[in-house]
Amino acid sequence: MTGENILELKGISVHYHGVKALDGVNIALKRGEIVALMGPNGAGKSTVLKSVFGIAQLDSGEVFYKGRPITPVVHEMAGLGVVLVPQGRRVFTRLTIEENLEIGGFSIRDRNGLGKRIDGVLDTFPVLKKKRKSRARALSGGEQQMLAIARGLVAGPEALLLDEPSLGLSPRIVKEVFAKIKEINVAHGTSIMVVEHNIKSLLEFVDRAYVLDKGKVVAEGAPGKLIEGGILEKVFLGKLQAGAG
Amino acid sequence: MEILSQLIVNSVIAGAMYALMALGFNLIYSVTRFFNLAHGVAAAAGGYAVFYLTSSLGQNVYIATAAGIVSAGFLGYGFDRLVFLRLRRRKTSSMVQLVASLGLLTSVQAVLAILFTNEFQTFPAGHTLYNVLGGAITGTQTAVVASGFFITLLLALILRHTMFGKAVNAVSDDAEVARIVGIDTDRVTGRVFFMGSAIAGIAGILTGFDTGLGPTMGMGLLLKGVIACIIGGMGNVWGGTAGSMLLGFAENFGIWKIPGQWKDAISFVILIAFLLLRPEGMIKK
Amino acid sequence: MEYAINLAILFLIYAILGLSLNLVVGYTGLLSTAHAAFYGIGAYAAAILVTSHNVNFFMALLAGVLASALAALLIGVVLSRFAGDYYALVSLGFNVIAYSVLLNWQGLTRGPLGIPGISRPYLLGLAFSSNGPFLVLALIFLAMAYIISRFIAGSSFGRVLKAIREDEGAIQVFGYDTVRYKLAVFVISAAMAAAAGALFASYITFIDPSSFTVMESVFILAIIILGGLSNLKGSVLGAAIMVLLPEALRFAGFPASMAAELRQAVYGLSLILLMLFRPQGILGEYRL
Amino acid sequence: MNKLETQDLVKRFAGVAAIDGLSISIEAGRITSIIGPNGSGKSTLVNVLSGMLPIDGGLVVVDAQPPLKSIRPSKAPSYGITRTFQEVRLFEQMTVLDNVLVVLTERNLRSAFFERHRAHHLGQAEAVLTRTGLWGKRGDLAVNLSYGQRKLLEIARVLAMCATSQAGIILFDEPFAGLFPQMVKTVSSIIKELRNSGITAVLIEHNMDLIRELSDHVIVMDSGRLLAEGSAAEVLERRDVIEAYLGE
């Protein structure tokens, strides 16, 4: 499954209002894998995704897409093949499911094939198919999360970036969402980078994970290795030596 | 009975005129989230463009009208490119954009007065009277009602069924996510300014045919449009038009008992009442 | 010389208007576009009392100030419930309504005919009928307006106003009933504007509603934004520039018949340029 | 004194309950930490208790006084409640000194006009700013402070509220986030001093080392409900708490 790097961040530093959010971070997403970014609140996980997308301004470092350095511009990323599913189930609540998906295909030049693509995506999400004409605000939290992911898929991404897809969802729904993410990865070979705090539910689905703490990568590797090392408990429950205070 | 019919006809005419202002104002607000007071001067500029083309250059009325609509559109587009886009990029508050639009309104209005004097200008237009349900209506006024109706319909169809319209809805719903899914929001906003201002141009041109042009006409038209939008519900096509009709009826039935000079005051009293009692407008988003 | 004194008096009147509006817009962060209404109420109240009831100008001025303060209290009760863009819009609406009243309540205001023959002030045998003494009178009023404004800006009341401007939600949590503060400053500002209105009426001896339109409110707004919000010297400086600049253009060869339009074009343009390049104005301490 | 209780408290956003029938009791004169994963409703709770968000259901009881069904924001201090803001909310274009003085002034209009106790207030402001290490910065605009100094100014403001004796309960919403170790020490010692002077402190925090160090009592929230409570040591060993953090 592993191969060339689809996305690579080299030496990325970012700050907000004088606080370092990322400090010389190196992270890579290889073709066909699912990579998790984990860590406690304020570790800088979401900032990594924002850096890839040109939403966060880089102090230093470079972003590479398929081996080439890029200067990310938010509205051009989907056209390149990099799609972000932002945190908080941000679907277009006043539009229908179908319209949300159409907007998801905005970057596609061939608008004639759009209907077919949408049908294809809806086949992956039977829940949404049944309600394609209803407004997104009428959906449950889990359905909205599915819609946000589905909307991203319409663009046919090579790299799919997910920001905390489990936030505010019940454990059962979280399982469904992750199963769906895995299914997409297997069926389309989409490379996926997912930011999560809900670690244990996630680990069985991912190939590799990075653990961040205070803007730095403190561990990287296969999930089994990370669990055995106990690094997660240390980072989350504050037993790490480098901890503040 | 006859008075009643005439009042209804007058209300619909006024409502349709306000709707033409409200539609564009609302459209621009839905993607930019600020009160664009320069919208009024786009209407006046459209009217004066037609006046210039017909009176000074002797152009055919229909060609001049088309050109007037397009120039109003470009004026609005220019406002966005030169002023509002820069302010948006700097993430300035909506108040800053509102003050800038006030500046555009005053200065362009003054330029119109310098170019065309403060005199009231009228178009050479026939005033054939038609009879509808016992109320009299001129040809121009028929055009006002027809434009109000068709443009509301057309705009609703565009927003519902074209990719551009869906992009506008998406930007208005959540501009940041719209960018993330690949919409160039600045481009969409520029086009919205063009469309909205062109519609305002229609209102200005029809006012010119109906009653004549003055450099400050934009302000009066704009205020009615803004009030209509707010009482109808900001950011909603049908809301703006419904609000316009309500305003048209309230004013015209109001002056049945109250002298006509109080029209503007009446509409603001309605606005303030709505803001206090039902701030979200008649139709919720 | 007469010409210079004339400009100086207009400048002083606009400086008072600027100072008073700055309390609301600059210090409290409320974008009021209704200032000309209170200016107008002061002017009309004084004019009516002086012409029809032969009241001494200074008493008439006081009555104008009270009338304006009362109007501001009534309007403010409604207005203080809004913030941001809606505040700007609703205050604009109140200016339109006030203008309609001046124009249409003909029994009181003579409507579009205006009120002519307003006499110049006199006090204890001291007459301000020629422009020289009137200039001194206007200067005294500006000094008073400046002192009052500085007192407010420097008091803890002024500090709360600034906090409302910066974050109304946060200052509420610390126990302030912000609506009362917004109302209080609005009334004070309206009272000061009314004094400027009374001065204006007796200076030009004739007033009509066209001096008190929304556009006049925008002009005063332009003065304080140019000079700098939340800065008292800025308001005075802004008034000087805005009153003198169109005159300078006239010397540059623009026809006098276009003076009013030119003035509008200049202040409109300056608002745009300020928003684009210097939103805090020349001396400002606060950006919208 | 200054005991704070909630009874079946509910707060919904667009139909979804962020606080879902929460009944907790916060003892007077202690530091009670509220922890829980992202989205568990901690910040919403602070916003509801300080009157910034309306209550959708249930009651808040302060000091066994009549229960409150709603709290108007400007009334929160009259119940002794004050707070800091997670996303620092200073009066940006005002000086550091004014940021503190503004909460020291008497609340009625007349005394605000004539500022009767100016010297007294200045003295209190100096004490508060000296304690937070900001006295040297008193003339700077808040907007020009570094992030850490901004956080400290938030703390200075609640200290000033205590000086006016309008605060008996202080809600600290992530006061340590983004602070350098030295500043963390300052803030944690201030919180301890406040507790020792009888103030009830409610602390929302993610750093478990600090939770262990400071808390007299820990309340764990998950999905807007009470998941567990007890001492820091007890709570942080519990299987369900760990699972709430790390997922199942």
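Going in written order, the chains are labelled A, B, C and D, and every chain counts its residues from 1.
FYI, contacts are C-beta pairs under 8 Å (C-beta built on N, C-alpha and C of every residue); 3 or more make two chains touch, one makes a residue touch a chain.
Quantities reported herein were computed from a predicted structural model and do not represent experimental measurements.
Hopping across touching chains, the smallest step count from chain C to chain D is 1.
A simple rule picks the central chain: find each chain's mean C-alpha point, then take the one closest to the mean of all protein C-alpha atoms, which gives B. Taking the CA centroid of chain B as reference, the farthest chain centroid is that of D. One simple way to say how far apart two chains are is to compare their mean CA positions; for chain A and chain D this gives 33 Å.
Here the CA centre of chain A is 55 Å from the CA centre of chain C. Per-chain CA centroids place chain B at a distance of 48 Å from chain D.
Chain centres here are Cα averages; for chain A and chain B they lie 43 Å apart.
Multi-chain contact residues, meaning those touching two or more other chains, occur in chain C at positions 287.
Taken as a graph of touching chains, this assembly is arranged as a ring, one closed cycle with exactly two partners per chain. All chain pairs in contact, by the document's touch criterion: A-B, A-D, B-C, C-D. Of all residues in chain D, only 14, 16, 37-39, 146-147, 150, 176-179, 181, 184-185, 188, 206-213, 223, 236, 242-243, 245-248 touch chain A in the complex they form. For chain D in complex with chain C, the residues that touch the partner chain are 50-52, 73-78, 82-83, 85, 89-94, 98, 101-103, 105, 107, 109, 112-115, 118, 121, 157, 161, 166.
Only residues 155-157, 159-160, 162-163, 165-167, 169-178, 180-181, 184, 230, 285-287 of chain C touch chain D when the two sit together in their complex.
Chain A makes touch with chain D in their complex at residues 17-19, 40-42, 137, 141, 164, 166-168, 170-171, 174, 197-202, 232-233, 236-239, 243-245.
Residue ranges on chain C touching chain B, taken from their complex, read 31, 78, 81-82, 84-86, 88-90, 92-94, 96-97, 100-101, 103-104, 214-215, 218, 221-222, 225, 258, 261-272, 274-276, 279, 287-288.
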